[in-house]
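Before I ask anything, let me first share the structure, which is written out below as structure tokens.
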Amino acid sequence: MSTLAHARHVLAENPVTAVAFCLFALLVAAAIAGPSLVPYDPLASSDRALAPPSVQHWFGTDNLGRDVFSRVVVAARLDLGMAFAAMAIVFATGTVAGVAAGFLGGWTDRVIGRVTDTIMAFPLFVLAMGLVAAAGNTVANVIWATAIINFPIYARVARTEANIRREAGFVEAARLSGRGTLQVMICEILPNVLPIMMVQVSLTMGYAILNTAGLSFIGLGIRPPTAEWGIMVAEGAGYIVSGEWWIAFFPGLALMLAVFTFNLLGDGLRDIVDPRRRS
Amino acid sequence: MVLGLVAQRLAAALPTLAGVVVVTFLLTRALPGDPAAYFAGPAATREAVEEIRRTLGLDQPLWLQFLDYLGDLARGDLGISITTGQPVLADLAQRLPASAELTLLGLAIAANFGVTMGVVAALRPGSWVDHLCRMIATAGVSLPTFFTGLLFVYVFYYVLGWAPAPLGRLDAFSSPPPHVTGFYLIDSALAGDGETFAAAAAQLALPALTLGIFALAPIARMTRGAMLAVMSSDFIRAARASGLARRTLVLRYALRNALLPVVTTLGMVLSFLLGANVLVEKVFAWPGIGSYAVEALIASDYAPVQGFVLTMGVLYVTLNLLIDLAYQAIDPRVRIEA
Amino acid sequence: MPQPPLLAIEHLAVEFRTRSGVVRALENVSFAIARGETVGVVGESGSGKSVTAYAVMRLLDPSARVTSGKIVFGGLDMLAADEATLAEMRGRELAMIFQNPRASLNPIRRVGDQIADVLRRHANLGARAAADRAVALLAEVGIPDPSRRARAYPFELSGGMCQRVGIAIALACRPALLIADEPTTGLDVTTQATIMDLVAELGAARGMATMLITHDLGLATERCDRVVVMHAGHVVEDAPTEALFARPRHPYTARLLAATPRPGVTLAGLSPIPGGLPDLRRDDLPPCRFAARCDRRRDDCLAGPLPLQIEGARRVACRHPL
Amino acid sequence: MISRRHVLKAGTAAAAGAALSAPAIRGAAAQARRETLLLVSENPPNSTDIHGVGANRPAYEASWNLYDRLMTFGVKKDANGVDHYDYTRLEPELAEEWILTPTSVTFKLRRDATFHDGTPVTAEDVKWSFDRAVSVGGFPTFQMRAGSLEKPEQFVVVDRHTFRVDFIRTDKLTMPDLAVPVPAIYNSGLAKKHATAADPWAMEWLRANPAAGGAFRLERWVPGQEMVFARFDDWKSGRRPALARVIWRIVPQAGNRRALLERGDADISFDLPPKDFQELAAARRLKIVGTPVENAMQYIGMNVTRPPFNDVRVRRAIAHAIPYQRIMEQVTFGTAVPLFGGPAEPTEPVWPQPSPFVTDLDRARALLAEAGYPNGFETTLSFDLGLASLNEPIAVLVAESLARLGIRVTINKIPGANWRNELLKKELPLITNTFGGWLNFPDYFFFWAYHGQNAVFNTMSYQNPEMDALIDRSRFTQDEAEYRAAVKGFIAKAWEDVPRVPLFQPKLMVAMRENVEGYRYWFHRQLDYRVLAKV
């Protein structure tokens, strides 16, 4: 049964995953087309500060009179971009390290094992703060901080998957047919592990965005005046008690929607990718 | 036999702890802030700053400072926190129970709701209940903890007035129970002081709920997955064939087996929560070690950051040990073969 | 037969809704088992023998639908019974043992406790009494040093030993019918014999009827009073063992016999059955599903529904029986 | 010293008053509740010793209420009837009276004054305390030197209750400098018991254990969370405080502090965002008090040693490009005094006063072109992360306005520890910051912010001999007319060279419940518990 047919079947049978895919498409569209479609310049302040949602400003304006709707849409590109970049880095490094540890075993396994343990032993958040505080709060540093935090999860999953397949028949066959260890690892193990790692990407995408938001809350997030969901929620949070709920609410909603979509996507992907579920 | 496992687990943990010590030291030294300047005060002249740098011993070469640090560590001296002026060990000892009480209660909430939702969702896969549980769990983890925390304070304290003022572990006018474990709930219960117990519980409610909701998704998802797998296994069908009551089947037979992978997730979730409660502590003015480390980090005050990270390292190792022991208690296969 | 049979399956039809279409697993399946009788249900894997067993126990997979037919056990229509009644009967009136013995036991619970669980459920014994009764049962099924073994976990016992525990659980409440789904397939030959002896001996002592589901026609003829042969969801022949063995009436039974190793026949002497089971998802399934593989096929074989010819105690579903 | 008995007694008293949420507040608890003030603020004190290494501003509040000084300032009513310290009048505190001569001042100490542990206060204690202030270095020594109090030899014990300070030069700041928090009086006997060879001044011990005799003593201190003060009933140096206990709780989240005030769970708080104060003024049962902070201003500083800001035309262009009005509306929400759009030449020798600059983008563009930057340049605008709630919106508005001139600005938030470090290095091209001097004299401000000695507060590294001459003449002249001319002179110089662009004079905003009386504004901008009461 081809994956596409199976995918269609899973989507049809599971409405939640279908919704997740539509939301994902919406988010990507906002990230790509967003900045050009937005009604206002997201960075332009105006004297209509703290205006509630209205016809001109769908999501109202923030304390400097900037249109919240424009900023939320424009922020999609930055937030998703950062999350994807961080996940891409850690997907590559984590998978390779994990597979190497799982497949080669011995010293490689022990060394990579200790590195992942050290990172795991670190309180995730303080590690990110340390990195950003040490290297300055540029977008690149936030991406690196998020990537490093998630490295252990990937390395662990990749290692177990590679370990299971080490003794699998087809691996044994490939090794017997004279293929080099490296070749076996890349041509046999990696393709099998990749789909499972794909599921992992979507699951940790959510955490990547939340990390950035957390960093912004303590002042180490992205530099102002750039529009980013995390900062907007962090700044808006101060206005909840005074009644301007919309400044934090809509970026929070966008954040929730994105993380929500990635988590549901992860479950959906797992159904499609996971051979056991394909019965 | 258990001692064997403990020794083996600790031996494996030594390199990790060593790694943590080295990385922390380097990380704090890489921090941009110059504590000497910070503590010389705003109007200090350049010589005054140098003078303080000398007293703090920051002018020596890096590796010398590292050796001093290791020496102190061996003597259990985690140094003095410049921000609070107290020995870091005293600060941590005083603040750790606050963080532990909050995190463990948060985990208990997440575990109870998470497992229940996981089981309910697994018993009727694909039904509206399944989707609802998944939605709620995922929604919980989709919002940053600080946002949920502030929202709860606004709704339950400011608007409805159900929850007490977010003033930390106890409201301003009640004093902490006599110190036994540092856990206010336990200490006040031991002291039989119902009023402080109620006050402490009320203060714990919102922050623990905020943390709990955040940890709900991984537990619910893992329980659902594990239960689905176990429910379709042969021994469950055999048990149904012998007419066992549904409650026994689901709880004693299926859930007990499904708990195995859930326990490992709990471990990961707890270490994740210990990191995440930094923000919740900031929102609820909770005097935990998370907010302590954050303030020290921003003030580039090395000692507390190093002390905090080391404590978390040790906590992480003990945590894994506890998980293994718990795993054994549930699964005889591991106990007898190990 | 003078008094009503213990179990009567009449025109049973079962379908499975799967991702790739509707599988018509059973069609017009009818046979009966009298009290104390041992009936063998034989067929290649995928012939529907296990589906029949699970239908009787009402333990079919949720995606299964019983489209027609009746199952009457001890006078009760099993298909109409509600879950509470069924739960009462399972383990007490009818019980089951399975192919993979160790996998059929709870891996993290002592075997003694698992037996006691069933006793406390059906025989409402106290904890102490149930535990003692469990140890006695373990002794009855031939497990040495039962009081110590009761505290063991399934992974500490051999396959044969686990099956004995399975049997102890099944027979704990002296059921009227035991369904044995390929009970010895997973075991080595010597253990196979001892387990079958045990089942026969305990069954006879209790006047218990047994439905032995197996793909091994030899085992069936050796152990059963009567054999029901199934092919692709149909009952093709139902006859007392000696009669069937002496003169198989349905071409499929004959081929099966020819393919079963018997004393005095070498490997070369065995002839495999050509072709395979038809794809049960097709809508245009012929009335006789063996036709495609039958070398005695005639033109009228596929005309009209398959006639069921009754000859005394035998039944055969073939227009031109041997 | 806090003995266990004290703690238990206080503990039980507090427990009795704990029935906060319980509907029926028992008599004793109600009474205790009325005499207890709950203060909530963002930053915790890191010491009780004003001389401590790195003591922060909240630590000044602790020291101010725990310790006595020889003298204090009088009180007057400000424009809207709020008690305001009067720096023109010095009044007795520990010293009952004093004799001032051109070369020295001799203080007569109260004979019945005792420290918290009961030991009587003697001139010996005052001598030890002043010697400590000028010897420990850092901020306290620098503050004493600002009033020409520099050497231990100046401090003489005449007899058990008489203490003399000899002047090394005539400096009008000396007397007021004796009433600021730094020259606090320590219980030297108790302190010396805990001094060590390595720590002669007992800095370590005195951080958390006050050896004091002020109006309040320290009941409990949980660093970073809570500080509890209890009234010292044998206090002789002033009127007995109305409050029996003050509980100071740290609540980092501004939103929560506001909620606590509005729901009546907290009595008083300051350092709330400006917008909250504007809205709370309308809330019922709350009192909002705003006092312009003397001798202080929020400003945009430009590093005159670094191109392009070394060119005065560029600096004038920046001064004309600032969106002053929008900053007043969207940042300060009316909680500040504007410092722009004033007369071209200063008319009064008063500081701070409005600069002549107004927002005029065309003028700014012309100046930039004239200076050779027709299409702008690239630079960074930095500020202290700790004060982000005020500085960040200012930075964003300024950056957006400068962008219209083609000046591309990257905003740079720097954590507290590193911020001081950067100020010391004087490399930041463009910053927004606030600075205020304790002693309310224009020359005191210019001495630190504009003088060629290039102190850390001269963030612009502005060194101009003419400016220095004017400042020095104003500091040491005795002639009133010459003083007035010099002050107007250096203010005009500041407008002409504009190394820093004043934005506004911040107001110290305090929000308190209606029943809190007696709030007094102090130059150190902290709370004086001794004069507060709950009606």
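Note that the chains are named A, B, C and D in the order they appear, and that numbering of residues resets to 1 at the start of each chain.
Keep this in mind: a residue touches a chain if its C-beta (ideal position, glycine included) is under 8 Å from a C-beta of that chain, and two chains touch if they have at least 3 such contacts.
This structure is a prediction, so every number in the text was calculated from the model and none was measured.
Peer 1: If you apply the touch rule, which chains end up adjacent to both subunit A and subunit C?
Peer 2: Expected: B.
Peer 1: Pick the pair with more C-beta contacts: B-C or B-D?
Peer 2: B-D
Peer 1: Mind having a look at which chain is the central one, using mean CA positions?
Peer 2: B
Peer 1: With chain centres taken as the means of their Cα atoms, state the distance from subunit B to subunit C in Å.
Peer 2: 54
Peer 1: For subunit B and subunit D, what's the span in angstrom between their mean Cα positions?
Peer 2: Centre separation, subunit B to subunit D: 39 Å.
Peer 1: Would you kindly tell me how far, in whole Å, the mean C-alpha position of subunit D lies from that of subunit C?
Peer 2: 91
Peer 1: Starting from the mean Cα coordinates of subunit A and subunit D, work out the distance between those two points in Å.
Peer 2: Between these chains, centre-to-centre, one finds 45 Å.
Peer 1: Among all residues of subunit B, which ones touch two or more of the remaining chains?
Peer 2: Within subunit B, the residues that touch at least two other chains are 31-33, 150, 154, 158, 282, 298.
Peer 1: Which residue numbers or ranges of subunit A touch two or more of the other chains?
Peer 2: Touching at least two other chains: 13, 133, 219, 237, 240-241.
Peer 1: Which positions in subunit D touch two or more other chains at once?
Peer 2: Only 255-256, 259, 262, 385, 415 qualify.
Peer 1: Can you check the complex and tell me which residues of subunit C touch subunit B?
Peer 2: Residues of subunit C touching subunit B: 57, 59, 86-92, 95-96, 98, 100, 103-109, 117-118, 121-122, 153, 155-156, 166, 169-170, 172.
Peer 1: Can you list the subunit B residues touching subunit D in their complex?
Peer 2: 31-35, 37-46, 48-49, 51-52, 55, 82-86, 91, 94, 150, 153-154, 157-158, 161, 164-168, 171-175, 195-196, 199, 202, 282-283, 285, 287, 291-292, 295, 298-301
Peer 1: In the complex formed with subunit A, which residues of subunit D make contact?
Peer 2: 254-256, 258-259, 262, 273, 275-276, 279, 326, 329-330, 385, 388-389, 392-393, 395-397, 399-400, 410-413, 415
Peer 1: Taking the complex as given, what residues does subunit B use to touch subunit A?
Peer 2: Touch residues, subunit B against subunit A: 13, 15-17, 19-20, 23, 27-28, 30-33, 126, 131, 134-135, 138-139, 141-147, 150-151, 154, 158, 217, 221, 271-272, 274-276, 278-279, 282, 290, 293-294, 297-298, 305, 308-309, 312-313, 316-317.
Peer 1: Which residues of subunit A touch subunit D once you look at their complex with the stated criterion?
Peer 2: So the residues of subunit A in touch with subunit D come to 43-45, 47, 49, 63-65, 133, 137, 219-220, 223-225, 237-243.
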